[in-house]
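In what comes next, chain A is part of two complexes: it sits with chain B in the first one and with chain C in the second one.
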Partner chain A sequence: MPTALYRLLLSLALLLPLGAQAGDALEFTRAGASEQVRLLEHWSASPTAERRAFLDALQQGRIGADGDKNPYVQQAGQWQPLTEANSDDNPRVLRLNNRLRGLLNTALASHALSDENAGARLDAARTLQRNAPPALLPVLEQRFAQEGDDAVHDALALALANLQLASPEAATRLKAVRLLGETGEPQAKTRLQSLLDGDEADPAVRKAAETSLAQVERKLFIGELLGQAFSGLSLGSILLLAALGLAITFGLLGVINMAHGEMLMLGAYSTYLVQIGFQRLAPEYLALYPLAALPVAFLVTAAIGMALERTVIRHLYGRPLETLLATWGISLILIQLVRVIFGAQNVEVANPAWLSGGWQVLPNLVLPWNRIVIIGFALFVVALTWLLLNRTRLGLNVRAVTQNRNMAACCGVPTGKVDMLAFGLGSGIAGLGGVALSQIGNVGPDLGQGYIIDSFLVVVLGGVGQLAGSISAAFGLGVLNKILEPQIGAVLGKILILALIILFIQKRPQGLFALRGRVID
Partner chain B sequence: MQRRQLIKALTLSASLVTMGMSWSIQAAETIKVGILHSLSGTMAISETSLKDMALMTIDEINAKGGVLGKQLEPVVVDPASNWPLFAERGRQLLTQDKVAVTFGCWTSVSRKSVLPVYEELNGLLFYPVQYEGEELSANVFYTGAAPNQQAIPAVEYLLSEDGGAAKRFFLLGTDYVYPRTTNKILRAFLISKGVAEKDIEEVYTPFGHSDYQTIVANIKKFSAGGKTAVVSTINGDSNVPFYKELANQGLDATDVPVVAFSVGEEELRGIDTKPLVGHLAAWNYFQSVENPVNTEFVKKWKAYATTKGLPNADKAVTNDPMEATYVGIHMWAQAVEKAGTTDVDKVRQALYGQTFAAPSGYTLTMEKNHHLHKPVMIGEVQEDGQFSVVWQTEGPLRAQPWSPYIPGNDQKPDYAVVGN
Partner chain C sequence: MNTMNQTLLLRASAKVGPRVSLAIGLTVLAVLLALPLLHLLPGDHALHVSSYTLTLVGKILCYAVVALALDLVWGYAGLLSLGHGLFFALGGYAMGMYLMRQSAGDGLPAFMSFLSWSELPWYWVGTEHFLWALCLVVAVPGLLAFVFGYFAFRSRIKGVYFSIMTQALTFAGMLLFFRNETGFGGNNGFTDFKRILGFDITAPGTRAVLFLASLLLLLGSLYLGFRLARSKFGRVLTAVRDAENRLMFCGYDPRGYKLFIWVLSAVLCGLAGALYVPQVGIINPSEMSPTNSIEAAVWVALGGRGSLIGPLLGAGLVNGMKSFFTVALPEYWLFFLGALFILVTLYLPKGIYGLIKRGEQ
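This part shows the complex of A and B:
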């Protein structure tokens, strides 16, 4: 059987390097904590090709030890002894602490510098830029001399430059200092700064260090600025998604909808249910559950919204105070209902892999995927809402009814049905917002309570009845919040923003964008 | 003078009435036990399991014949993460339900809210959570850690070689009394260890805060200036967005470890822990601690969660405050047996010197200063949401409710002063 033979050979080939390094493994599992530290430091300064498989396994948590501290490796769920000696008790995974894990990363990177794949070498060189200890200098110099790939060569040069700052020769230091000016690494700033603060005697090096420091600082500043702008946009997009449904139910229909937050919450719980459904029925497509949750959340919340409108809210048109109380009561009922069904505790809505992690744009700027996707999604929902309101018959009817109910009714617009559909639309959009919120925050019965005030702020600030107003208010508030927060802290920032809004509303009660003309009552 | 006498007379008669009432409780079939934990709102994530743990412990005691031959009857109320409501519910427990003892509270602000009620009505409260100290009420027994049993050892660990030899500290917390006081103590401690003022940054967020973008970006920036550790006193469900943001922005525990004082196994249930491996928590107990008492304890809890159909029962975990609740209820039961009555003043005396073999693997003693001797453990988050202990003290430490790092505390007595 050629396949069986092939498999055997393959597994042997996999085991061989580990077998060859049984000595290292034994040494490591037998060692005490401080001894392990020394071993890893020693290994990273003198990498050998055979040891790499062991280090990889160690990092992946596949190395174990039994009661007598004999090493084992886990292959496909099975423990394989790495040495002749083994005892009867079950091996247990070797736990590492942070310090060992950090040293292991360095050791792995120094071993990966001789990888065949240029990409792996580049990653390793980048890791070493951050955390190479001085002992690695000879290894880096050797690899630097041998490296053929340009990108890796440059990365190694930088990693070397960090260590060469301490070189006794001024010329080497000068070169290193100049090279560091090219990077945008936050660590480069600290290194240059400490060089300048230290006893650097050579005036040329000092001068170069000052220039490089200024260069690095400028790059860091750009990264910071972009980061701030991004987080402002991200917060804005979240506010927008939270408020957009309310822009319709309150903005267009004029219902002071205190139950709006609960529509967000129901949208988030729909996401949770869809996630559970995928886990049970189609675990292989689990990663796609947020997409499937969108229509579900929209339909569920729209249906609930329409039911509410028909049963409660339509009897209260034109009586804002009663509407306020009634919708507030509805919101309490919905919260309690969810609490009874799902429990008071938050439920776990996990980010699928494609919404986890981030995109490293600059050395000091990582944009998380979930936030990028949510910004895009917010824009998509805005476009959808705009199209619905401005390019469909339903939208035309909604606008007609909101501008002049009696006249619209005279022209044959079924105002009751339009009210119901418009309220359903607003609730459904809130449901979509809930799907997005479930990806960044907690999903619990009180989710909506945290957003209701912000939502009203956005709608009122933007100008009631204006989609464009809500959009600019949401992004404006988001960016303003993120500009204030680093200066005065999250708590004071929030207070200041509320105070500013009060002042603004005093000056301009109609909001940023106001409807003009006779139609407004 | 006259008025004062009148008040005295009134209080006396009122206390006579209460005494009469407490006598009538004893005459009843059961002993009522109050449970005062938030079952909704931002703290529900942490407190709900304490309520269930208390119920389990009460079942356990009842199965063994109860206390003084009577069954314990739990009275559960929900103060809904609303601090003034804690005082109201506490008063209700003491005056309407007439409970003999109350187990409850998580946040210090909720404890501060019920404290005047318990002191006024001479109730008995067991508080199961680590806190900032600076308090020693005769009506409260603190079964969680004082600062020297959690915060200080944790920071000492971060300063040590094994903990990464941190040079800079980012103190991040929710904006209320516990984080503020703890950070005040920690700041004084760090400065006494030679850390410069500019290397300590203190940041607070409101309860229920969910946008940690700026803060995580600031931590990154701060950490460029030298080996940094984050000391997190974030409470409640804000931890979920905080850790999510940390992971998404690629801040690893090997670069910047976060040591949390209010995050245990229960809080990690709602998060994907793979990106969090290596972050730390300091407690006096972890579910992963290996000893026969704990094995039994965890087994009992899992069985209880399954039979009671608690949400996510298949993933039920134990944590430090749950252990402290368990220990507290047992100690109270022992003290009542010793005193032969549930009378608060007698039980208080009987509690001093009470010992209990706790799941942490140590026999804990209740000291006259109303705190337990506790061992300190530092655990690293593992992929399965459990902690592996990377450091622990030799044995239980005596609590110092009045931290020596706050000026003026050396004047304060290390025992409870009964009656104000």
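This part shows the complex of A and C:
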């Protein structure tokens, strides 16, 4: 019976730490309510590593006691005695009142301060910021001196300072104020501010508080600035994914594809369909669906793009304004088609676990994983496009036709085929952008409309036929947008940017990076 | 035998064609003139025209002015504007300001009270006077067009670049007017008008006068368009459209020509908007959405650009079909409109007017 043996061994292993604390458990179960309060307070102030398992079990409601108040612990539904002395009574779960629960949380946090995992330590420090009793001061000081992780260190400083600020001695308060100055926590700012606004009498402490406040504000400002730069880069990468294909087709054919935004939308809907497919057919690999959606979205949108080029746009070459209108018509039809098939509401595309959450860089700066991944993905797509345009036969042809269509045709470049493939490539890139967009925003029939004007501005600003132009224009516009947003509001920021672009193309009508041509009409 | 018949037929139609067109045109004009008078008949009269019909036709007349204005810049000067809805809406908002002040009396317009503002923003000063509102109707779109056009034409922005910039312009305007703080009623815009020049805005008499004013504006714009198109100015504009560089080599400076027609077009749109608002009874920022402006382009394309009658036909047809579809088959309107965009550009480069011309010859 190996399974039974394993089970026994396993429960013994689990019991070991508890067994070591049988004394604590016995003390706790035997104690009256007021005695339990005292016990928990005492344990908070003098944490030991062995007691933690018992406290955890206590919080999870797995500690019980029998009629003789002997402690038991529940393991996999079974009551196990913690002491030698057993009675035959069935153990009952130990109930805790609210006060005891609060104290238990504090005690657990003070024990968790020595956890191996920095995240757990951070959580514990955050808890103690709110409700640490003064008795915890020595523990906090000791942990603060030993702590290696910056974020936890800051959090501990705040918890410590919170306690010290209440001290009647000015010297201790001064120490606390200095400590707050060294952290970069947003709460430190409010704490210092309320101290300055309040009735702090000691001039030295006041002065130190002012210096600390300035320090904290500087740190917070850096965090904010980095945050803005990051959201600018994030917006830029999205604009880049949206505008890259547009820049290629505009450079090559001289036509603006108003249905380009709808390629983004179709890419996002392809992601949705792939997600559903995974849910139905292979739920165990669901986390990987965004990766599987990439080729699907690319192929779907590229095929639609090529079909459009062959059936409509090909007949309108040399008439760019008419192409603009015709592609607008296509976009209307595509939007309405999606609306009829999938409904006018947004569909739900969920982030897999590896794309949710974020990376805490500073106390006031969290970078969401999905945005980080999308920045990387945009750069990856740019690199692929660059390789395709500069290292393949197709890319050579595309560049030749972009520079001089007639001459390329004379040299035997099949311009019609190149047009079709390039249009497919541009649409496919938009489809990839749609996969990215589905991970950060709503997926609905109007998804593409929101991006089309911005991506046109990227093309206008960046000029055509040069990847460098699109990249710098996309990131430039993204960062500028996000810098202006908090200063003057999103709408006025957009209007200002438009005005700046109009002024900019006064100087450089062909965009940032223009190809020199000698053709004149 | 057969060929002879055909030549005879052609010759006959060539003689008859212009006369037929003229006759049709005069009939339409007579019907349009009769509509407001019939609206004044008592409600149970057999020939009574409902206020719905009158408003619908009046609305289309305003749209026709927009189509004509757009045709002046697109069909003649080759500048496709995707932002004419902005000028239209600005004219409408200027008129709306006056109407709001009329409804509010001495107090603040209702939406400002909701925002708990205590006094009018500076740009509302004087809007209780009809004449000042009229000045704004002309000046605001005109000035904006002048500033935008001055910079755009100075750096020789044209073609799709120009179209995109105008689209971005109207988009920015829409975002601006959506804000409550801008002071134009935000999302809801202006509505619930009561009086214009002291007259009840829903009275049949007022409606008839507004309708006639729209018709007059359309006829005036048409006359202006004809005079411009026949003049040397019109010929230079056509040359700008067809070969701007060659025109410059001949010693012309196209900037002034483009700027003039661009501003004139914007002002016409503003006037159309000002007449549109009291008839329809509402103006909100969605009038500035890029979709509306680009729809105006399809009116012109369908009717036939570079002609003056064509855009009027296009505006009438598309809007007539729109009112039909949105009532009967709302699901299919966008399919139809989309297909219209594609088919017209592919198969009807000169629009319906071009078809008629070919028929006449």
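In the analysis below, the second predicted complex is superposed on the first by the 362 of 521 C-alpha atoms of A that agree within 3 Å, B and C clash if a C-alpha of one lies under 4 Å from a C-alpha of the other, contacts with A are read in each partner's own complex, and residues count from 1 in each chain.
FYI, contacts are C-beta pairs under 8 Å (C-beta built on N, C-alpha and C of every residue); 3 or more make two chains touch, one makes a residue touch a chain.
Since this is a predicted model, take the numbers as computed values, not measurements.
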Touched partner set for A:I453, first chain B, second chain C, both or neither: second
Partner chain in contact with A:L324 - chain B first, chain C second, else both or neither: second
Touching partner for A:A33 - first (chain B), second (chain C), both, neither: first
Which superposed partner A:L379 touches (first chain B, second chain C, both, neither): neither
When both partners are placed on the shared chain, which of chain B and chain C touches more of chain A: B
First (chain B), second (chain C), both or neither touched by A:L225: neither
Touched partner set for A:L498, first chain B, second chain C, both or neither: second
Contacts of A:C411 with chain B and chain C, given as first, second, both or neither: neither
First, second, both or neither for A:A282, with chain B first and chain C second: neither
Doubly contacted residues of chain A, that is, touched by chain B and again by chain C: 489, 491, 494
Chain A contact footprint on chain C (complex, rising order): 74, 80, 148, 151-152, 154-157, 159-161, 163-165, 167-169, 171-172, 175-176, 178-179, 243-245, 290, 294, 297-298, 301, 331, 334-335, 337-342, 344-346, 349
Complex contacts: residues of chain A adjacent to chain C: 250, 254-256, 312, 315-316, 319-326, 328-333, 335-337, 340, 453, 456-457, 460, 489, 491-492, 494-495, 498, 501-503, 505-507, 509, 520-521
Sites on chain B touched by chain A in the complex: 39-42, 44-45, 48, 161-164, 175, 203-206, 208-211, 213-215, 217-218, 220-221, 223-226, 237, 240-241, 244-245, 247-250, 253-255, 257, 269-272, 275, 278, 280, 311, 380, 382-383, 388, 390
Of chain A, residues touching chain B in the complex: 33, 61, 95, 97-99, 101-102, 105, 130, 186-187, 189-190, 224, 227-228, 231, 234-235, 238, 339, 342-348, 350-351, 356-358, 360, 364, 366, 368-371, 440-442, 444-446, 450, 482, 485-486, 489-491, 494
